[in-house]
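Look at the two complexes coming up: subunit A is in both, with subunit B in one and subunit C in the other.
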Partner chain A sequence: MINSAPTDYLFTTPRKLWVVIGRLRRSGPFLWVLPAGFCVVLIFGYSILDLVQQSFKYRGAWVGFENFSLVLTDPLFRTAIFHNFLLLFAVPILATLSFICAVLLFETRKGMKFYRSAVFLPYILPIPVIGVVFGQLLQLNGALNSALRALGLNGLALDWLGDPQQALWTMGGIIIWKEVGFGTILILARLISLPLETLEAARIDGAGFFRLHLKVTLPQLRPVILFYIINEAIVMVSWVFNYVYVMTNGQGGPGKATVVSELYIYRSAFQNKSPELAATAALLLLLATLIFIIGFFRIQRNLNKGPFDE
Partner chain B sequence: MKILSKAFSVDCTAAVLLMSLSFTGVSVANASSKPFPTKAVTLTMWWWGDQEAPGAKLWVDDTVKAYKKKHPNVTINTVLQTTDGLVPAFAAAAAAKKGPDLQYFWGGIYSQQPGWDGQIAPISDYIPAAELKHYVNSSAELLFQGKIWTAPWYVNPSFPVLARTDVLGKYNLKVPATWKDLLYVCDVLSAKGVPALAGGVKDGWFGGWLYSIIGGQSVSSNKDVVAAVVGTQKFTDPIHAEWWTRLQETKEHKCWNSDINSLELYQAQQLWKDGKAAMTVVAGPDAPNFANAVGASKVVVMAMPKWSNGKFAGKMGSTSQTIGITQWSKNKEVAADFLMFSHEKAQLDNWFKRTGSMPADDRFDLGMVKDPIKKALFQSALPGAPYLENFIPAQLDTDAIFANVQLVLSGKKSGKDAAADSQAVMERLRKTDRNLVKNFTAWSK
Partner chain C sequence: MSRQYTFIGKVGITARQLILLLITAMAIVPGYLMVTGSLKSQEEFLKSPWSLPMHPNFKGYSAAWNDQFPTWFRNSFLVTLLAVLFTIVLSASAAWGFAHWKWKGRDTVLGILISLMVVPPVVLLIPLFTLGANLGWISTFRMLILVYIGLMLPFSIYLLTNFFRAIPKSLTEAAEIDGASDFRIFRSVVLPLSGPPLITLTIVNLLWVWNELLLALVFLQSDEKKTLMVGITGFQSRYSLSIPTIMAGMTIATFPLFITYIFGQRYFITGLTAGSVKGE
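Take a look at the complex of A and B:
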């Protein structure tokens, strides 16, 4: 019988057990992610540590912040960073276009599947294919300009990739063309999952197409659009290498017109054989990307806060 | 057929003799005398060259097969690299210290740098001096402190200008011999909407060619270029800078196809083949193929028209493309043996048969060459002008030469600014590559 049991056993052991169970419950999620976390630390942690170490050395010898000074004073690196910054202007365009496309697809009754595939197709095309096709298409005497000239629009037949003043914007346009599909599908998926009652109620209350989607739909899509914006910002800062490499034969030309930070890192490491400068630039790029990620999480946390949250 | 080349006057035998003599200063010893292994050996060779010497792949296959017949225990796997991937792929392999046993290198700095970085073993440690002295161009470009880094494979007369007499003749024009003539041809043809010269700089490489064939006319030796690299001369000095102004003139006189910046070199050369341009510049080993494609009788092979009275004005450069043995290879002796095998008479003759270009070996029987275009090219390379691009740091080539040629030819930069930018890039390079001055100074001695 329980009552006959010694009191210390009765009260302490189950209590200890509950404490252990409680602790296990609290640490449960951590235990579940432990194997994956271990892999991440092993793969990325080691690489990052090695990167940090390399950025303070030259041919194995400690040089302090010399590499940082060399990279930060390099006009080419600054040009590359500036180009990444300019490409960030594509992000609001991408978000707006994706939202418009998603709404149009949502409102389309006939052929939605076809249009959805058509919008998403560029996103699944490999970048080298896009690079080669656009590289040919956008030559000064390529198909696009031939068509423009045939229509009498000679003034619009520019040297899209060959003119240093046009090349980066052309590149941005191609990136928008490819990336807009991802945003559209992302926003559309969220749009479809929204409760229809709200939209119906707004319609019954007399909201027109623009008012409905600007005042009712858009606020509800804010988290997913924000996710997309942050994702694309990271793309523009550290994920445009493939486009530049394929379309400019790894040169970032004409001149330095399309050099971006990743190309700078790649060329430092593999063409110019300066792994230390590449590591330093990569570390700086990593820090810049981290700022975006931290910023995203902070904004997301604020958005997810309800009116009763502290 | 009319061939314009100053080197035409050079007696072939005398030239070969001269090349042989130039090797006498090379201190090469220690060639390994280990017995040939009897166990199974596998070598990997990463190479390039079919792009500029079509038929090279067939030769590689033939040679590997013949070597297998001679040494059944040796297997050689060959991997043809892309133009853009050649340098980065080897850099990645070198970082991992894992990859090919035999690696293709362009001459000059492209062979020196891997040696300085400890990525390749000097070929002169494995190939006897008596053998190496026959390899064309190894002393000027590949020698470093008494050692030769890589083994020349084939000669690249660099770079011939091909002129189509049919296109020029249509407008009553003659093949230009001087810079003034060239600009006149440009003026006449551009007024008719025909580019005098076909070129493409999107991929950058052509910029380096232009530097060598225009810029080479004002220097007195490759040592001038090395002096500008180490800082005892400047890239803004007239002998190094004036070629930029000449390049700017070609833009102002509308010499080039208007889409030069949006075309790759090989795409642009097609314009010449199609008869849409009067002249173009091609890789030496490929020149006979280009000439034959449009009819050799309509083609004049020549050096870039002269704009100066410099020692090398009107001459073609000469460089040899090479093969090196990687430092991490476990079978260096076998790799060297294969390289020596590739210089045996049967292989030299087969190279010429397969590619129509010149093997980098003075034992090659020039009597085999009947085609006047090939003959002129080969003679121009023995001995030719130094190929300047091979004497500057590769990064100066890409960051200053390639980039500024694109800008000058797009009309966005003047020749003077391009020279100033080249100097600025060079000054910066001396800071980032802390061993650069030391290595280049040692190389120039």
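Take a look at the complex of A and C:
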């Protein structure tokens, strides 16, 4: 038995290999899924495992939860998280504005296509371009303030980006400016696909514009609006780097007024050369987004078809 | 739809039109200032930013273009093209694997893919940078393209799987009875039916890669490898004394997108409402 083992091995390996190949050929789906699966596992699987691993180490040595306590007690990290939290207040504003815009577009025949294109335009512009252009417009003596002064509204001509009290709200306003178009189109698409009968019936029963849309349209749009809310919440927590980086030259200024969690991670890793702390902060950010992922799944289940399949 | 044109009704319609005009104005104003600003001189822009350019000149454009715009454009173009092409091929293949066969654990894998769609790229930044540095792939296009492909795959697979699943079974079964192989069915039955979702997906992904900043910033550190978005970010501080040049640069950077938007608006809109989960 023992002596024959090596030859057995030699004989069976090619045969086994052929069996495996044959099975793969017939097993269909795996060959089709494999290349993409490999990429996803490499980019996401590897990264997340490596992230967890790095966040428990310092210069290659195991340090337990020390990185976590360092990050969590870092006032800058707390500020960054707090800023992300403040930006979440833009989400209800976005949902409301999008709903209003969608209803207005829905109720308009004349020029609807033109308005729709215009409202959607900001959403397709690259954030770096938006950042640069708004950065110029919102200077203390920029275009917006010169217009406000010309209208006699000197009190409103604020130092939009230079004043630490102001900068984060300005940033939020710019994000709203860009993201409203997306919500409008999303809600409008749903609105158009709703059965007209209920709307007509309510109208015949004498429901006015406001009653009609608040009592009849809004409840039917709830799933898509919820979807949008979750989506925007994710944006506010983990997608605002571009705005901040472009408008503050990567500093999150003035002072620490616009430092957000992404910028904290970026700066820890590439400016302060402490990748371990950056990894830890990134892991915490990932855990925070997990909460939204759960919410996202809930909505997916409720929608059963999703807002996007036709 | 019958509507009563009473006095109040008319006031309502006018009010709505006015509000829409106001919203449109707000959406367009930065673009207006960008384009008109690019044609003015510095003095003219500072004195009257809102007016139309009285003596339009293209100095800003030539200054911007003579900087590194051609290189940035070429880099962005190359990265976008390759990343999107590979993503489409890989995701179509995988989606077919998900849609055509029912296998154990399929729904779990799809569920995981859906949750990966919301993982912020910044989370993956540090591990991938370490990986790239170990491979010596920093400042190479292949590293960035690989990362982009990986990031775009979950959503792309999800979208195409949904679509492939909706293809009537009778069509693929007919081909199967005729003895067509899986590959043959995919190529001759499924793909010809999938034009619209593939175009939609291509546009969503094009837009995403073209506009991506964070990863391009980190992975392409050498000057001649920069993509357009990274380039224009630094452009601002270099030309801080010439606003028209900055505005011209921004106009150039927006132009390809604007053209695509005008011609592909239908796909843009279906695509982005379908691509809702992508965030940016």
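The rule we apply is simple: the second predicted complex is superposed on the first by the 256 of 310 C-alpha atoms of A that agree within 3 Å, B and C clash if a C-alpha of one lies under 4 Å from a C-alpha of the other, contacts with A are read in each partner's own complex, and residues count from 1 in each chain.
In this section, a contact is a pair of C-beta atoms (placed from the backbone, for glycine too) under 8 Å apart; a residue touches a chain by one contact, two chains touch by 3 or more.
Predicted model, so just to flag it, every value in this text is computed and none were measured.
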Contacts of A:Lys110 with subunit B and subunit C, given as first, second, both or neither: second
Which of subunit B and subunit C A:Phe68 touches, first, second, both or neither: neither
First (subunit B), second (subunit C), both or neither touched by A:Phe82: neither
More subunit A residues in contact - subunit B or subunit C: C
Partner chain in contact with A:Asn231 - subunit B first, subunit C second, else both or neither: second
Contacts of A:Gly255 with subunit B and subunit C, given as first, second, both or neither: first
Partner chain(s) touched by A:Arg267 [first = subunit B, second = subunit C, both, neither]: first
First (subunit B), second (subunit C), both or neither touched by A:Pro275: both
Subunit B versus subunit C as contact partner of A:Leu140, first or second or both or neither: first
Which superposed partner A:Gln165 touches (first subunit B, second subunit C, both, neither): first
Touching both subunit B and subunit C, residues of subunit A: 141-142, 249, 266, 269-270, 275
List of subunit A residues in touch with subunit C within their complex: 28-33, 35-37, 39-40, 42-44, 46-48, 50-51, 54, 101, 104-105, 107-108, 110-111, 114-115, 117-137, 141-143, 146-147, 177, 181-182, 185-186, 189, 196, 200, 209, 227-228, 231, 234-235, 237-239, 241-242, 245-246, 249, 262, 265-266, 269-270, 275, 278-279, 282-283, 285-286, 289, 292-293, 296-297, 300, 306-309
Residue numbers on subunit C that touch subunit A, as the complex places them: 1, 12, 16-17, 19-20, 23-24, 26-28, 30-31, 33-34, 37, 46, 49-50, 90-91, 93-94, 96-98, 100-101, 103, 106, 111, 113-116, 118-120, 122-131, 146-147, 149-151, 153-154, 157, 159, 162-163, 166, 182, 207, 210-211, 213-214, 217-218, 229, 232-233, 235-237, 243, 246-247, 250, 253-254, 257-258, 261, 265, 268-270, 272-274, 276-277, 279-280
Interface residues, subunit A side, partner subunit B - complex: 58-59, 70, 74-76, 138-142, 159-165, 248-251, 253-256, 266-267, 269-275, 277
Contact footprint of subunit A on subunit B as seen in their complex: 84, 87-88, 91-92, 95, 113, 117, 201-204, 258-264, 394-395, 398-399, 402-404, 406-407, 410, 412-413, 424, 428, 431-435
